[in-house]
Every structure is written in structure tokens, then in C-alpha cells.
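The same chain A turns up in both complexes below, where it pairs with chain B and then with chain C.
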Partner chain A sequence: MHSNGLFLQDVAGFLGSYYISVAIMNAVAAFVLWQSKKQVGWVVCWLVFSGVMLVLASLALSGSAELVPALPPMVRNLVNALSGPVNYTLGTTALFSMLFILRKFFVQPMVAWTILNAMLVIMGLSMADENFASIVMKPDNVPIVGLVFLLAFFTWLATSQAVVNDERIKQGLPPMEKLNDEKVLVWPDLVYTELICMVAVSALLLVWAIFLQAPLEEPASSVKTPNPSKAPWYFLGLQEMLVYFDPWYAGVVLPSLVVFGLMALPYIDFNKKGNGYYSIEERKFSYLVYQFGFFELWITLIILGTFLRGPNWNFFGPFEYWSPYKVEVLNNVDLPQMFWVGLFDRPLPLAPAGASVLTQVGTILLREAPGLVVMGAYLLLLPPLLAVTVFRKFYAQMGFIRYMVMSNLMLLMFTLPLKMVLRWTLNLKYIISIPEISLNF
Partner chain B sequence: MAIGETIRNSQIWKSIFRHPMPLDRRNRIVVMLTNFFLHLHPVSIKKQGIALSFTWCMGGVTFFLFLVETVTGVLLMFYYRPTLEWAYNDILALRDVTSLGILRELHRWAAHAMVITTWLHMYRVFLTGSYKPPREFNWVIGVILLLLVLLLSFTGYLLPWDQLAIWAITVGSNMARATPILGYEGPGQQLLTIGGIDMITDGSDARFGLLGARFVGEETLNRFYVLHCIAIPLAAALLMAIHFWRVRKDGGISGPL
Partner chain C sequence: MAEKKRLSVAEMLAAARAEKGAAVPVAAQTPTIADGAEKLDAAESASLDAAAAVVKPAPPASSNASSAAAKSAGAAGKPAGAGGRPSIAEIMALARANNATATPVQPPLAADNKPKPAAAALKPTAAKAAVAKPAAAKPAAKLDSASILAAARAGLKPGPVSKSDAPPRPVQRQKNSAADAVASKAAPVARIAPPAPLRPIKPEAKKPAAGVEDRRGFLELAVGSFMAIGFTTLSVTGGLFTLGLARFMFPNVLAEPPSRFKVGAKEGFPAGKVETKFVAQYGVWVVNNEFQGQQQIYALKTVCTHLGCTPNWLEAEQKFKCPCHGSGFYKDGVNFEGPAPRPLERYAVHLADDGQLEIDKSKTFHEELGQWADPESYIPA
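Up next, the complex of A and B:
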């Protein structure tokens, strides 16, 4: 408690001004609502909430470490105990699915505002935890916190417009963007907006630069490897993929495919609708694929890699101490091992010493037959199979080449979540493992 | 006569700005056509196309951040020497001694912000379907620009030459070692042998090409410095010019047809 007390004294000033900002934000919201003379119930609600935030602020600023508002240790331990790569991934997937399915409910301004406040309060309470704060407050990690809030805001902004447009299109009306067809002069309407944006961004940067010092650690030393060693934060999604794949795939092939896939996107997406306005219903398939790739396979992995991966790349709960002595059991098995040893109780096929190259290659192919069959079926059989079933319409409209590029990119993208699930359920390490040519998949 | 009017009527002023103040409709059109910096814009635009709730202004902010990075970066180059002796000490001096050391903070935070605004810009373009014909190729250029933004940030990450820097670059560049065929730990590199001699070794593989050495050392620092300050910004500037030009040529800011 005492060492924690020192930390709480340090963070109290920040938390105090943090809660005051939230209080002011809600007071302004209440005032704006009151001015518009709508939703009086919410005015009272945000005023009361603002008052509660002021109470939290005064508790934080009371000068007594015990009074700083924080999550009870029981809750923190529970969160730590419940978090792990599996629950994290399934939980975020469930969360995104819920937000998507119930989007008409979540885009309502008052619901969105409630969620924002909840996020802010949870953030504030969590910051009173030393382990949480030490990771989140690392100067280079601060942008990720900003990214989370910005993504939440802009996704709300886009979805609320898409929901309105979808409803209008269903009624046979043009999208909202079409209504404002009037033309204006760029001077002053656009150049002034740009000027104001530039001033606002400059001000934000200056405040950020004044209050947060850029990190500078000890001088570089090629003999002192930090644990954990992490790439810059925007590449941590890729580093997280290394848990499931070898570097040649996670670090080279998959990133290249991401770039290639993004470039191919406008040529694959043959849907003419939804050009130049927000909509979801008109382009559900491309919307869902993009959102899955962007949120689930990029952003959540970055957050996982930055905030929840500690020494030895072990998983740590958000309130857990990053102990380098944490040991995790690694009992992953390759598919050939499962097949030959597990299923048939035979040793792995092995070429006799001094065998000809042809025999060696043959033995390797035999040994890896189960993996090669699985991957062959996945990459070669599935595209035509899908073309005559689920993607029948797509295939007809896209033509052979376009369809093959699309289906293969999708299948390769889904190797990541599939491998994750296989790892969690079967402890599968590699589907194909040919160390002879460093090829593990 | 007001001093402002005197200045605006002088020969010098008139030689720079070839039009009167943009106060009436005619001159507001003329200013867009005769000013080099403004002629990037059209003269008039759909009101919807510039609504902030529609565009989020993220592409513009990204470009502005690029300019911030250029200005602060050039100034930082006066202070910083990319050698093992000086790199770390120069950054240390920027923090503790140099009067305008905050330039480094501005540069670093604007770099992080630029990565985020690029993603948000791309996100908006996707959500409004603005990559669809006739803007397909401009989206492709945008993807390359995204890659360049990440590479700019990545190469800049090494320059402070502290533990954070070299280990982040070591972890990042270790991936290149596993490049299929061309990395010395990559699948299939064993196949590239001539007369029993490996063609792909740790002294000739993709990672060596990236680092200029077998590990992150002085050669890497120099290489990343040149990439960061000259090569990638030049490439990005060229592609940005094309990107903006194509926005105009491909039908302006997107909107419902």
C-alpha cells in the first residue's frame, strides 16, 4: 500500500484535472441540450453526472492517497483473471458484432454519449492502478489511447450517417449527401475551414509537445536486449501475429498481402452502389470484410501487442504486474506429429541416412502429407467450391480472374483467425513443418 | 489613406498578388485561379463535399502534418549528427540544453499523429465508397503513401539511437531475415546455392540490404537517416502531388452521383 501510495500521490493531480475536464464536458453537453429545449431528462442526467465527476475530482485532489477513486482490487483481480488472448479476441469480436447488429440503437447521440462517459470513467479509474498506468502512460503508447477514442468517435459519426442513409434508401429517397447539392465558392468556404483546421492541429500539437516529453531511454547497446523488445506501436499487430506464424509469413508475406489486398480493393469491389456517401446496407459484404480486417486483425492486435504483452511476449491482464518470471506452458504440437504419432502411433517418416535426394523429398512429402492436403484443399478446392455455393452471384458478376484474386485474398486473410482458433483448441503449432528448407506454416 | 491600402496599392504588392482582395464574387474566383498555392483547389465546390461530418478533414490534416514534419525536421537536422558518437548526445542536448528542444517533441508527436490521421483518412474514404470508379487508381496511390508514412515513421524511430530505437528497429527488421528465398533464415533460401556455396547469407540477404550491415549499427543509422530525410520524403512528395492532382482530375471530392 505504501509504495502504491507514492504512485497515487503522483497521479492524483492528473486524475483531478481529468475528472474536472469530464465534468465540464458534461456540463456543456447539458447546457447545449437545455438550449435546444429537447430531452430535458438527459439535461438533469448529465448535470448529475457532472456533479459526480466533480466529487471524484475532489477525492483525487484531496491529498490523501486512500481517497483517490480506483477500481476495487477484487474487480482488478477478476479482470486480470478473465483476460487472456482467447477471451480478449472472442470478447472484442463479440463487442464489434453487437455494435454492428444493434447499430441503430448505438448511434443515438445520447447512447453514444453514455458510452463515451463510461469509457472515460473506466479509463480514469484504471489510471489509478500502478501497473495499468505504467504501460498506458509510456509516451509512445499515448497515441494509441488517442487512436482508440478517435476510432470510436469517427466510427460513430460514420455509422450514424450510414444508418440514416440506409433508412432513406429503403424508402426510395436519395442519401442525405445528395440533398446539399448547392455549390459554394472555395474562397472563403473551404480555405477558411482549412485554416481553422491548421490552427487547431497546431495548437493540439503544441499542447501535446509541452505536456508530454518525447521518450529517450539509455544509450543504445546491442548487448543489452530489453525484455520485452517491441517494434514501433503501429507494427505491433504484425508482431502479435508471430505468436501464430513464423516470421516469413507473419512478418513478410502477410503484410505484403495486406498492401496488395488494399491496392486490389477497388478492382475487386464491383458493387457500383455506395459511391460517395455513407451506407452499410448497400455494401454489407465489403463493409464487413474491411471492418473485420481493420478492427479485429489490425487495431485490436495492436492494442493487445502494446498493452497486454509483457516480458517474453507473455500475456498480462491490464492490471497485472509485468513480471519477467511469469511462465507459460508451451505444449504446442505440429500437425504431422498429431497425425503420425497421435493418430497412428507411428514415428514420423524418416529417410534413411545417405538416401538419394528423391527419396528424401518423397519422405518429406509423405511426412507432411496431412498438412499439404489440408492446405491444398483450403487454397485450391475452396475457391471453386465457394464459387458454386456461397459466392455464386459474385462469381457470375466478377469473372474468373477477379473472383480468384478476391477469394484467395480472403482465404489468406482468414488463415490468421483460423490459426488462432486451432492454436487455442488443439494446441496446433504448425500445419506444415519442413525445417529442411525453413518452411513452417 | 489607411496604411493597409497604401501597401495593397503598391507596385510590390501588386506584382505578388495579381488581383485585388477577394472580397467580392469575381475576385474570390480570381484568387483561386491566380494563386499558386490555392490553384490546387477548384473555384467552387459542392457544399456537401466540404462538410466536416462528411470528410473529417483527415487527408488535409495528414498533409499539414507532413508540412509540420518537414519544417521541424529540417530544423532538427541543424542539431543532429547521425553518427554513433553524436546521435544520442545530440538528442540528449535537444532535451536538456537546446533552446528549441521542443522541436523534437513536435516532430515525434506529429509523426505519431500522421500515422493515425492517415488511417482515419483511409477509413473515411472506404466508408464513403470513394475508392470506387473513377477513383480506383488514386486509392492505389494512397495505399503506397500509407506505406511511405509507416516507413518514414519507422526510419525516424532509429535516429535517437537509444535502447527504444535500436531494439524496435532490430525487432522490425528481423522480419526481413525471414523473407522467402531472399532472407537467410527464410524458407527456400537453401535452394539458392551455386556449387555448394550459399548465395544467401547474413551478409547478402534482404535484411543486410535494409540495414547495410549484419546488425543495427552505424551503417544502418546512416542508411535510415538518408532514407528518412531525403529518399522517402521525396518519393512521398511526388506521390502526394499526383494524389492531389488526381483528386481534381477524378471528379473532385467524392459525393453521390
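Up next, the complex of A and C:
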């Protein structure tokens, strides 16, 4: 389905007001900058940008479908062709690495503002695509669009403070948080703030509920599953995890580990620095591991599950039509199959019919030997190996028990990206596959 | 303040000494502390005098006075904290100075105690400080956290910190004064018990007149007691409820389809076809397909073996595809893509007497357990 005139006429009104609000936003920014008598170059820049947004708004509101600003079809097709689970994950990883390495550049307010404007413009241009708009404007998905912008803002806020503090610590100054540590009172300062927030959020939710209808569907039936069938937006990361694992692991063990791991963090942490103030330099390891787990393994998976997974849980580009008949070759095989059949060219060990229980167990163990060896080495051999190599300092400072908890939590967290990579590269389904007792890994 | 929270031992001692000096005029009533006051060295009493003296002339703003007092007290104990910020010792001294001015001085309890020089010297200044109290205790115009903290420490001390700090309890005080009296060979003080409140007179139950039959016992006779009535009713209700609940488990009409049903003659299922028309009602696909070299008709359960969604049969791609996590199954039900760990399950199927296929959903056959070889799991086409 390609963008047609009817759709564009529907969306034009929204896009017009959207561009006008972006224009007003930038005009206000220019005014504030001008008032502060600094960075006059940027004032001109935002004024010009504001004007361009007004031009886009007038084009959108012109009444002619052809004039609604949109991304050229070539760009859309290119984006669709380039998007896929592998590129998506590699791309987000590269993006986060870049944001981390060049954080001193990106936290400058003007750079951040430029990025925000770029995001808004790309969003607006993409909204003129029917497929994109139908997904983004779905009432379920609106919170996730909000989440993208909110997360970007709060990450920027925290990172910019951390960068300032790191710079001060390098110069031997105390962090910003220590300069003004005058305490405020819970009552009335905090409680009043909370009350005001509560009123504001309630008002927002009321307006939201009135204007965006609940996405109700037909009555539920146990033999009819909607296609695609999606979890609530906050669980879409879990649903994406389930693509790579058996339910007991991705649905029970990993989520519990997330909760208990987060609870264990304060007890594992031995770094006394960075307490009560933002800092990245002083706690690089904790920062990177946490951000990887949060952004890469939770947020990007939610975004992937929301916007890029279509019917039959196939991967679709952002401007691609969600066809339930899209054919994607996803054949995958278990490790025992690869090992016995692929490597040694012999059938899987199979207990003869009517064999005793002991023989059957022995056969299964022999069949799964490669997977058991791999997993055993991963979970039992790697922690001590890491302790004497990469984490030598950590081990010395943490002691045996804390180190073991930390390393095992980390290794289990990394099972997810490792399994994803193995699925994409080797078409590996399960490392250990014992369907006889529903135990697969 | 965060970095100053931990006091060194020296600071604590200094604070304690300043505190002790300031506490004398207030707590002169107990002989032990008065004895301690005797041992006050000149510097401490001097600092105390200075503290009280600064308060005495009723300065315009109490914050000035208190800071001066704090400074002098701090100077006596330990040098003031760096950066102009009051140290804990200073705060404590200030709080004590305020306390001294705010609390009226009580005369010593034991009359035979020798007048202590230090206490005697302190008394007039303390009394004068008490006179100066209204001006000094006036709330300051602007409060910083240090003064709030000081005020909190001075006024709202939550309780005694140590045993010696604790005010003597009434009984102990009596004992102490009694001991003092014994020491001064005076008559022991008699303990006066507070008068007990009058108790209401218990109304006496009316005794039934002789010869009149008492009918109050009838219910007790009938069911034991009112408690027994209550519990009997409760247990009877509970029992009836349980019985009703048990009955609820066996409804008169079962809305769910029967586990055994007929789907038509064998000829209705041509080779290579997946029949999807029974999915909505029975949750089953009837397939006529070649499996392990044999043409079979079998019934597949429409539940994905990954997480239980209902897959769709895609005719063009000749596969079952689950919409939840993308598991895919061949026409024979064997999993080949996505996360499903094992093949779809088969239901038991057999030819009924009338020649129709009858499917029995109460029995399932798992391929991974080798049960698809079971002749009950298929019909040779």
C-alpha cells in the first residue's frame, strides 16, 4: 500500500499543526537565546528553522495532497531494505557507543536541540507515509513515541550533569551536587510538588483518554489469536526475548533475574565514588553495563517489538506494508542437530523403542552432550577465568561470593544478545534441546 | 554538612565538655553533676560566663548573640570549623547556651550540700540570663539550617542519650531524697498513696422471686448459648456454601464442545489438504498428508508448543505460522522455524461405525515422545 491522496488529506491537518508547534517551539528558543545575549548565531539559525517549519506547515495545510511534505519514495525504500533485526541491533549498538564516546559533544545544549529538531522533522516527514502513520498513531503505540522522546531528554539531562561533574572532578573541584546541598523539607516542599504533578498528570490522562480511544477488539476466543498478537507495550521487550528462548527461560527466569539482579546491585557495588551525584568517569563499568542492559536489552527491544514487528512476528521496515503473507526464511536448527548430523554426518543418538529409562536418559545426555558442555563451560568455567584475567581487580576487591553473583548475573544477562547473534548468524535454535521434559535453552 | 557529619573523638569530647559546662546551671539540682561542676576548670567556667554574659545585655538580634556565644564556647573547647560554618561542637554549645537562658534555675534539692564555688559563681549570671531570656529567645528573622538544627537539638531532644543523662524517675527521686535524709539524720519521708477513685456500685441482679419460674434459661436450654448459636449458624452456612460450590463444579449445561466429535467421511479430506474449518469450533486441523512414507489422516491441535497461541495455516507457504513469536511448523506439524521447541500435538482419531472420522480430544500424541507411531494417532488414508 502506498500513500494515497485520501490518507494524505486526513493526515494533513495534523501535520500542519505539528509543524506550526515545532515552529513556535523554535521561535521561543530563539527568543530566549536572544534575551540571554549569547550565541547570536544560533538565534538566527533557529529563526530560519522556524520559518522553514512554517513553510512546511503551509504546504501541509494547502489542501493539495501532492504538496504535503514527505520523504521521497526512494529514501523510504532504502530504509526498508536496510532494516532488519541484525542491522537494527548493530545500528542501535553503534548509536549508543557513539553517544557514549562523544558524550562531551552531544551534551551541549545547542547540539541536543539540533538533534531534537532533526528527530521531530524526520518524524513529521515519515508521518506522511501511510504505513508508518498507521503504526505510530495507533493508540497503543502513542506512549512508546512519548517514551522515545522522554528517554532521550532524561538521558541527555543526566549525561550533561555527569559530564560537568567529571570535568570538575578532573580539576579537583567538588561535583555540582555538593555545592548547594541545602536540604528541602518533605512537607511542604516535596508533597506540594507531588500534588501539583498528580493534578497535571491526571489532567493529561483525562485528555488522553478522551481523544485517543481505547483500542478495543472483538471478543476474545481461545482459538483465534490476533495477527500480530502483541503484549502490552512495556512487555514487548519480553516478547522479543521469547523469540529466542523457551518460555521458562525468557518468560520466567530472565525477568526474575532482572528484578533480583537490580535488587542485588547495591550489595554488589563496591565503588564508593559517584554517591549522590552524577558521574560517568568514576563508575564507567557500572554505567556501561547498566546502560547496555537498559537501553540495548530493554528499550530498543520494546521499540523493535512495537514498530518493526508485524504479522506472524515477521520483521518489517518502518515504511513497509504489514502483509500477513510476507515470506521470510527463518529455518533454524538445534545444536545437537548441527553437531551430530552437520559435523559428523550421522543420525542423532536415539534410544531404541522400549528401552529402559536409564538407557533413554543416557541417550538424551549423549545427544545433548555438546550443548551441555558449552553451557557448563559458559557458566562454570568463565567466571573463574574472568576472575584471573579481565576482572582480576574486581575479584580482589569484591571477594568470592560477591564476585560470583556479579559474574553470573552478567553472564546470564549476556545470554540474550549472544543467543540473538547465534540465531542470526548460525540459525541456531537451541543449545540444549530436551523437548521430552520441556527443557530447552 | 554531609562531610562534617562524622565527628572525631576529640570533637565529641570538646562538645561534651562545652555541654557539661553549659548544663550546670540547669541541672544543678542533682548532686552528682554539681560535684562535676566543682571540677570545672577556669577556662570552661570563663567561657560559660562569656556565653551567658553575651546573652545578658539583650542584644538586638539573637542570632548575633548566639553566634558569639557559640564562638566563645567553641574557642574554649576546640577551634571552630573551617569555612565559617558552625561545627557540631559549636551548635551544641549554642543550643546549651540558649537552653540555659530559657530554663529557670532550680535550687539544689539537697539542702546540706556545701555551696560550690563554681555553681555559686554561675548562679547570678544564670539568673540574669533568665531575665534576659525574652529578648534572647525571640525567634530570629531568617533561619538557616544551622539555627534550625540548633533549635531542634535544644528543644526537641528525643530522649536521654545515656543513663546519667536521664532524669530521675519519681520513685528513684524519692529513694535518693530518702537516702539524703538518712545521711542528714532527718525523719524518713512517708510515702503518700494517691487516693483511689471511687468505684461504681455494682447493681445487683434482680433475683427472681421465689415461686416465679425463670424463663431466661429457655434458649440456653435449647441451643446451649448465644455463642453456640453463632458458631452453629456459621458452620451450617459454611457447609452449605461448600456444598453449593461443589455443585457449581458440575453444571447442568456444558458450553464447551464435547471432547469426542465426528468430522465427516474420510473422502472429505483429499490428499495434501489442511482442513481449517474445525478450528473455530473444535480447535483442530484435519490434515491428509504423507508422513514417514505413509499417507495419513491426522488431527493437529491448534496450540503452538511455544506459548500456546493459535497459529494460522498459510496455504501459499504450506506452513503453520504463529502470530505471537513467529514459530513455524510444516504441514506434518513438525517445528522448523521460530522458538517452538517441539512439534504440534496430535489428537486421537479413528473411524466410527458409521464410517465417519471421529476425533477424541482427550488423548494427545507427542512426536518427541515417539507417540506418532501409535496407530490411534492417525488413520491410513
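One rule holds for everything that comes next: the second predicted complex is superposed on the first by the 403 of 441 C-alpha atoms of A that agree within 3 Å, B and C clash if a C-alpha of one lies under 4 Å from a C-alpha of the other, contacts with A are read in each partner's own complex, and residues count from 1 in each chain.
Operating definition for what follows: a residue touches a chain if its C-beta (ideal position, glycine included) is under 8 Å from a C-beta of that chain, and two chains touch if they have at least 3 such contacts.
Computed from a prediction, not measured in an experiment: that's the story for all the values here.
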Q) Taking the superposition as given, does A:438 touch the first partner, chain B, the second, chain C, both, or neither? A) both
Q: Decide which partner touches more residues of chain A, taking chain B and chain C as the two options.
A: B
Q) When the two structures are overlaid on chain A, which partner does A:314 contact: first (chain B), second (chain C), both, or neither? A) second
Q: Mind working out whether A:429 is in touch with chain B, chain C, both or neither, as first, second, both or neither?
A: second
Q) So, does A:181 touch the first partner chain B, the second partner chain C, both, or neither? A) both
Q: State whether A:206 touches chain B only (first), chain C only (second), both chains, or neither.
A: first
Q.
With both complexes overlaid on chain A, does A:222 touch chain B (first), chain C (second), both or neither?
A. both
Q) Which chain A residues lie in the overlap of the chain B contact set and the chain C contact set? A) 178, 181-183, 221-222, 224-226, 229, 239, 246-247, 251, 276, 436, 438, 440
Q | Partner chain B, residues of chain A touching it in the complex | A | 140, 143, 146-147, 150-151, 154, 157-158, 161-162, 174-175, 177-191, 193-194, 197-198, 201-202, 205-206, 208-210, 212-222, 224-226, 229-232, 234-235, 238-239, 246-248, 250-253, 259, 262-263, 265-267, 269, 271-279, 283, 287, 290, 294, 434, 436-440
Q | Contact footprint of chain C on chain A as seen in their complex | A | 178, 181-183, 221-229, 239, 242-247, 251, 276, 311-314, 324-325, 327, 329-332, 353, 429-430, 433, 435-436, 438, 440
Q: Give every residue of chain B touching chain A within the complex, in rising order.
A: 22, 25, 28-29, 31-32, 38, 41-48, 50-54, 56-57, 60-61, 64-65, 68, 88, 91-92, 95, 102, 104-106, 108-110, 112-113, 115-116, 119-120, 123-124, 126-133, 135-136, 139-140, 143-144, 146-147, 150, 153-154, 157, 160-168, 170-172, 174-180, 183, 185-191, 215-217, 254-257
Q: Show which residues of chain C lie in contact with chain A when the two form their complex.
A: 1-2, 145, 279-280, 283, 302, 306-307, 309-312, 314, 316-317, 321-326, 328, 336-339, 341-342, 368-370
